[in-house]
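Structure provided below as structure tokens; questions to follow.
So that you can tell them apart, the chains are marked A, B, C and D in the order they are listed, and the count of residues begins at 1 in each.
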């Protein structure tokens, strides 16, 4: 009897193994596969979910509205990373076999680090819009990384520009405090802020908050004692709302707080409500445009919406949607060179991503006017566009309260060069020369 | 009929003391070795290697180390992730700071550093028992995680605290294909499993188990608790450290302290519970189980969902996963405290009698 | 000076919450010898239940009154926790009677994973607002004595008060009532307790219910502070050093330990932290507890263990 | 029972006092044990018999008094030292290693005799293997002696009580002790098992020439097999001498025998 069950178990196990060993189904003709690495679970789910919904909705839109990219249908599959590096790697390994060359957007600096060393050999493109390694904007070293629409260094730089402007041009002797998520993500902006501190003569205080960032009382007591002129917030998930609440509790003026784009979304303020009024954050795109209506019409209208419809147009949703735009457009661009209506492979997509030229005309055609700034990548610059605005929470919604800023190349470029060089030597990567860019 | 040991008489104690006293087992294990080391590399797909086989091999190694401490010596540790992290970052430092440091040497040195830390955090076990110790080991977990985030020197001044390693090679053979990496991990796994097996069936192993089962009696017959416990901590964290280094170098290639968080510690603990405490075999089974189940769920659940017209999204899958694990842990603790390993041996018992029960 | 006092007070108020959660650990450990690792997940689970019911009930029953909603939600969540406690006793503890502590600890690890998965499947995994009307704005004391005055976070103050009340109530319940005495009897010796006719099963259900209630209150407090979301399950980790510091079996130990750790980690973060680069809160408490255990393996008030052979 | 040639003192306990918190377990106990004799400690429950052994073993540290073993005197002893000086011990309520087989339990008794280091054991080839085998031979002899050949590979947990007691004895004998402390070796045995056990004890005493200190409840057995008796009551020594002397001692009668009958 027991033997039977054991044998049965063995058999079951064998079949399972068989299913695993079976090579993942290769993409059919005329289908471009897009892997999706969201996190709808874990401590960061509240922020991960809207991003993922925006990403997926746009892919759905392209199929529903345009019937794919020049007729090439889009297929996609999700694999939940839970914001954990190793699960991210596992998901990457699982999905990468599905097509010859894909675009991965892990939405996690940690996972990005891990994939950066794998993507090149697998010929997979890594688009990290608004996160990832700041130095990876140097396309000569990071052939397969595309930190489009601004890295953390660009973000930090823009915030500092804005603050400088508010202070009438000089930050000499001012006190700036950075409250950051104690992880590679949170640490990314530090070098730039230090660099600018040297140039502008403000003094910078670093206040790390242990992940996930629920306990910040001590941090904010220090801030209360220090009385900095501005507090920069580099948090993610619960850490953001916790920080704002502590700020309320210690009576630090929200008007003097500036969050990176990951710290200035709806989930961060929605359950703080009025108390968060005056809190500022970066935003890299607008939320009014034809594409929004299209998504409501073609996707949610047909009951295909991934999340609740109210979410469409929210900050993190838009970040996800624009990330999808970048992915789709990279493929479209590649098709322009390698044949419209064909399925693109890794090398081709990479070329597309490296030669993006989204001018106002193209953006208008895509219904992205007022949402995205024009963006054009090259093999020396994988970032494309490094501009953003400040928006402010009025207790109900985010209101844009500044014009567009562009990050200061003069400061960032050299930092990128040195950092990229260090990376190249560590991983013994031989940088491309501008000459062999056209390969 | 096939699986009979009668007729196989042991003529020497030595013969009786070998790892697999039964002929069929020896043959089976040889066959298995042949398959894993020769067959698999020939036929497995890249995906199979990188998503399943390599993680399995490395985690099995870590579980093996943890099992020595928890399963054999009875000293529960919730800080395994920390020791893996030490192994990984130590190995990394040796590689970047010592020019021309060979990979294997770096791995082993990483292991040695883990040993040092392990022993340091093992010292409380001489005063603290059971649950108190379990909680105390969390100190290691959190402290080490913090240290690698904060102390720049340990991460070679990388601004972000996360580090990467370049191309790997062993004895001049580049590890560029998944197969080669898999072989490296497997080779190490087999090697350490063999050494560990020898230890646990040698007298140090008996001393560990004596401490685990009845420490006072053990002391009375002349076993030094200090020595037994600290050796257990040392050897355990050495193996765990090497596993950590492998995880970082071979599997991730680029990592941050979060890769060795408390979740990892729990995961390994689950592996040895499900696999079987105090069993080398168990470490393997447990690791296999915990690496494979989530993937199976991810692949099958949505299909089931569609079959019944329910949309199963990724969130539901991973929630279900943690539910399942939770339930399984409890199930095993209640029904089969010795885990899969025991099920395995009962299966063999049955097989001996088959096809004539009793 | 003023700053020191602020930190101290802040620490005490946080500490009070730790004490509350620690008490959950201690009660369960005394009564069933289980080191309940699932405490944190219970906090999350209870908070989720509360938040969601407060949101759902008005819609189902069609009324609009925050207070009423909260009250009903509290009752509903409580009921859920009772059921959970009962199930845990039936399906897990009853099957693991007289097992070693480590086994039980691992079992609760399993339970906690189950709670996390189940809770989020049923109640969702977004961030939920839980408003029980705690004031958020700070108050300033002794403004004349210290420049800037001493800041006290009202919300924390109320939270600490609630926690203190519950702690007091539980201690009383444990010391005075008949059930409390029965609990202590069980704690001292299972067999003996059974032999004089104390039904172990029921006692365990009761303790786990109490622990569930503690979790619920802690969940509400933290939930209204941080919003109800997954991370709540991690706050309980901070109560672990409290428990080993205070001694697994001691109610006063839990309370005192909580305050000590609360104050200790805040002071350390503020005064030592900057020199070590900050963020030391997370391990400092553990190291303190560990160092202390080396001197007194049974914790502040725990009983000394004598080997009998 | 023929009185054996009593040798010179091998173990002497002088003025031992032990207390847990306020509770006095032992107060001012002194007695000696001669080489090759069977010495027994008797007394009602809670008289402090086991505590006495625990002091000799170094499990408890007495607050005052000294123990001299084969000429060397100690205030505090570590269990390890005691073991190295050839004192073995069985336990009142079995302290076997539940998770291990009979063979391994007894092999563990050989741990002091095994000298190979970790690395030799890890590789196992050569020295470690030889050592393992040589000790295995000794253990197998004991297994034959105790007539438990059939149970070699059985986990001790599965054995009946009587056999477990034998394994306990076997583990102690594996240490090849000069002095063997037996803590109620016959507690909870039926008559037959008791007789077996007595036989084993006597054989050990004869064949291996082991000195035996025996704690026992069962007066009958004690009086039969042992040479001299110490009587404890509430941590005090109330009698010491040959079985007959002790039988005659009025304190003993009132304190112990009185209650026994």
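General observations
In the analysis below, a residue touches a chain if its C-beta (ideal position, glycine included) is under 8 Å from a C-beta of that chain, and two chains touch if they have at least 3 such contacts.
Since the model is a prediction, treat every value here as computed from it, not as a measurement.
Measuring from the average of all protein CA coordinates, the nearest chain centre is that of B.
The chain with its CA mean position farthest from that of chain B is D.
With each centre defined as the average position of its C-alpha atoms, the distance from chain A to chain B rounds to 35 Å.
Put simply, the C-alpha centre of chain B and that of chain C have 33 angstrom between them. With centres taken as mean Cα positions, chain D sits 41 Å from chain B.
Among the residues of chain B, those touching two or more other chains are numbered 146, 149-150, 216-217, 220, 315, 318-319. Along chain C, residues 120, 125, 277-279, 282, 307, 309 each make contact with two or more other chains. Multi-chain contact residues of chain D, defined as those touching 2 or more other chains: 59, 91, 95. Chain B meets chain A in the complex at residues 44-48, 50-52, 55, 96, 146, 149-150, 159-162, 164-167, 176, 247, 251-256, 258-259, 261, 263-264, 292, 295-296, 298-300, 313-315, 317-319, 343, 346-347, 350-351, 354. Of all residues in chain A, those touching chain B in their complex are 2-3, 6, 16-17, 19-21, 23-24, 38, 40-41, 45, 49, 78-80, 82, 84-86, 89-90, 93-94, 96-97, 109-110, 113-114, 116-118, 121, 133, 182-185, 187-188, 190-191, 208, 210-211, 419, 423, 426-428. On chain C, the positions that touch chain A within their shared complex are 3, 6-7, 10, 14, 120, 125-129, 136-138, 151, 153, 155-156, 222, 225-227, 229-232, 234-235, 238, 265-266, 269-270, 273-274, 277-279, 281-282.
Residues of chain B touching chain C in their complex: 74, 76, 124, 127-132, 134-136, 138-139, 142-143, 145-146, 149-151, 216-217, 220, 262, 266, 269-270, 273, 315-316, 318-330, 333-334, 337. Interface residues of chain D, counted against chain B in their complex, comprise 57, 59, 79-80, 82-84, 88-89, 91, 95-100, 104, 107-112, 114, 116, 118, 121-124, 128-129, 132-133, 136-137, 140, 171-172, 175.
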